[in-house]
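Down below are the structures I want you to see.
Both complexes below contain subunit A, partnered by subunit B and then by subunit C.
Now for the complex of A and B:
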């Protein structure tokens, strides 16, 4: 019973972080039709950011706040130098971002070496949950992730930026005709999505082994989540991440992580087969 | 004769004469790079001709390499006396084709996955295949299968083993040239026209009555078979099959070779693979970890500035100047 409760909590933790990852992927794809293969590296950079900042003497919490901003800056530069040059060529965006991910990984290897690093979690002690101790930091991770997810939804449905972004998702050319600066919006969107990934990496930094390949493991689940959930809305990726992340932690606990990967993949393919537009399909207006 | 074919023929003549002047080390290196080139050709075939961007193509190469190793090491369940190079080759081709067939069925059945997400699903398959190979004790886990025997001429592993660089060089070159000639012949005919048409406008070809799904699966199976053959050719020379062949890193490598060389013609992809590997072997020691960074930058630059690849752009330029002279 105790073990079950703990693994449920760990599973929830993984699901919430995966939600951040797939939200970023889905926003970038929805707006810009860019499949961002470097998303995993943005996660990895978030974790390295926390590591570098704490090593430079900054306390943990400010480092946690600053690291995603560094990733936002890197996202802005990448958008300007690479992404915007391949906008009209969908398959080439995959290649360009795949190349970007290789470059970012190698840059990190040059700077910090190929080995793995660790960041000490802030000592928040444990909290007794369901009669067993649970690290408080993990609860903080969950709370932060929830807050950011809620914040993202608020940005999209309560701000002018969000309104413009939704207009571009619905009909890019029409939005441009109405005077929305789609170029500026693309830049913001890419940086925003990168920032979400960076934040996911930053909050997970004390919980994972930080190495140059740390982000790769998130990339495939993130993509499966948005494929399963559907791309038409913000609810799609969230639902997909809940399904993929939940199934993954559940099977990992019951069997093994490798069995979990297989099961998740097979279930994801089955879902995509049965519902090609995803679980939360946007209703299309009939023309 | 098309310009790509002329370039291919010229390259074949150059490579056939190269051992006369090149060093023994270069010959031995190139023999292995021809296997990589064959692998690159298999990717260019589905990507450039059929528009299927396969991000996990290493799976088929790796499956071929493992199949060859198992069949020649006498590890086949129930058939421990089997060491035949010939059955190994057939098995590697069949394994690559089978793996590609299953992937194709998974991805193209029903409505089919849209172009971009096809790549993501194949990448997921590569990740899983690498994990499976790493965790399988039968396949040697993280270390892989070692001491894979070289090719032998006898029916069941007896007879003369081919160790020497020169025969290996010509066997690899001949395999590469034959496979490329076969694929080019296919592409010049009805099948090639259909593939190019599907790449350019799938919906139109479908509404004209072609069985798009079947043609795509056929092309993918063929590509998987060629990749499997490349894996077998590689492992008999390299001597061991490890999980890194089947998964993520080699899949990314082959994508880079084809993108830098050129995806539009098979010869551009093959030359891309050979060039990048040659550069890598000469520069990697010199530059250490900076080399992959430079390779990544070259990859990005070629995607952005030379979408047709270095050799692809060169062939296109030759074609243009040829036309100007004709008129």
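Now for the complex of A and C:
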């Protein structure tokens, strides 16, 4: 029972980080129609950022805050140099971002080698939960992820920036005709999505093996979460991440990680077959 | 004629290699309401889209209040003082009435400007735009464009799918807005009654060019004149 409770907590942890990853992917696709194959590399860069900054002598917490900002800066440069040249050409975005992912991964190999690295988790001790000690840092990861998810939702639904972004998602040309600088919004959005991925990588840095392929393990579940949840709203990717991440953790606990992957793929295929628009399909209204 | 709100000279534009506007020139005075008349497919909507920057002109010049706007992106053209109410309205159906209005001017504190002219919208401010009736949606589309305080408003078939009493109400409100703000407008409209009620001048377009011009007083005096002009 205790083992199950702890596994549930670990699962919740993974689900929340997957939500960050899926949100970033969904926002970039929703606004710019870019399928970002380099999203996994942005996660990896977030983890490497924490590693590099702590190795340079920065304490863990400032490094955790700074690493996603470095990924934001890299996202801005990538958008300017590569991504913006592929807008409106969906297939080209896949090719271009895949190329970008290769460049980023190879750059990391050149800088830090192909091997894996580790970042020490801050010594926050453990907290007794359900009679078992549970690492306090994992609870911090959950809290931070929740706060960022809530913040992202607030930005999209409570600010004028979010209103403009939702208008561009709905009808880019009409939004531009109302004076909204869609080009600027694209740039910020791509960087914001990259930053969310970077943050996911940064918070997970002490919990994972940091290597050049560290982000790939999140990319596939991230895309699956979007396909299963639906792209019509922010709720879709969040629901998809909860479903995919939860199912994966639950099945891993009861059976094995291999079985979990099988189950996740079978369920994802079934959901996509039965509900092609996703679990949270947007109700379409004509105006 | 008053100072021009818009000057178009020798405009050539189209889709891909095809040319729709072929050397079109016209001028709209400050505070003037100009109607564009012509059969389907002669380039009226293409002209509005080209003015708005949605179609890039191949050649020619478009000036708004002494500022060259041809080839500029739509957001810059909107900020230069041109409002656009497209055919079919293109509201953001899932956003509320208030959100739609604020999109017309993201810096505005509230949507009081639009509610002042269209009070019926104020009562529905929290409703999704997609749930409004056709007439209310048209009022919202016009109100949204007004939020940016444009000097020139482009209206593409605003009476489409709307009952005559609501069209008459919209005409009265537009006249009031023009009187209050000095707004100029270009109206593309099949509904001749609306053209006569709102505009002082009409130009006839054929094959992407202006082929004639009449005052609406002349069109009113001779009901067959529109058909004669269109046939020519």
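A few notes on this one:
Here is the rule we use: the second predicted complex is superposed on the first by the 285 of 287 C-alpha atoms of A that agree within 3 Å, B and C clash if a C-alpha of one lies under 4 Å from a C-alpha of the other, contacts with A are read in each partner's own complex, and residues count from 1 in each chain.
Definition applied: a residue touches a chain if its C-beta (ideal position, glycine included) is under 8 Å from a C-beta of that chain, and two chains touch if they have at least 3 such contacts.
Please read these numbers as outputs of a predicted model, since none were measured by experiment.
Contacts of A:59 after superposition: neither subunit B nor subunit C is touched.
Of the two partners subunit B and subunit C, it is B that touches the larger number of subunit A residues. Applying the stated contact rule after C-alpha superposition, one finds that A:98 touches subunit B and leaves subunit C untouched.
In the superposition on chain A, contact is made by A:179 with subunit C only, not with subunit B. When the shared chain is aligned, no partner comes close enough to touch A:143: not subunit B, not subunit C.
Once the two complexes are laid over each other on the shared chain, residue contacts for A:151 go to neither subunit B nor subunit C. Listed in rising order, the residues of subunit A touching subunit C in the complex are 160, 163-164, 166-167, 170-171, 173-183, 282-283, 285-287. Across the complex, subunit A is touched by residues 51, 53, 55, 106, 109-111, 113, 115-117, 119-121, 123-125, 127-128, 131-132, 135, 248, 252, 255-256, 259, 289-290, 292-293, 295-297, 299-300, 303-304, 307 of subunit B.
Every residue of subunit C that touches subunit A in the complex is listed here, in rising order: 52-54, 73-75, 77-79, 84, 86, 89-95, 99, 102-106, 128-132, 137, 144-145, 148. Within the complex formed with subunit B, the residues of subunit A that make contact are 35, 82, 85-86, 89-92, 94-96, 98-100, 102-103, 106-107, 109-110, 114, 216, 219-220, 223-224, 227, 258, 261-262, 265, 269, 272-273, 276.
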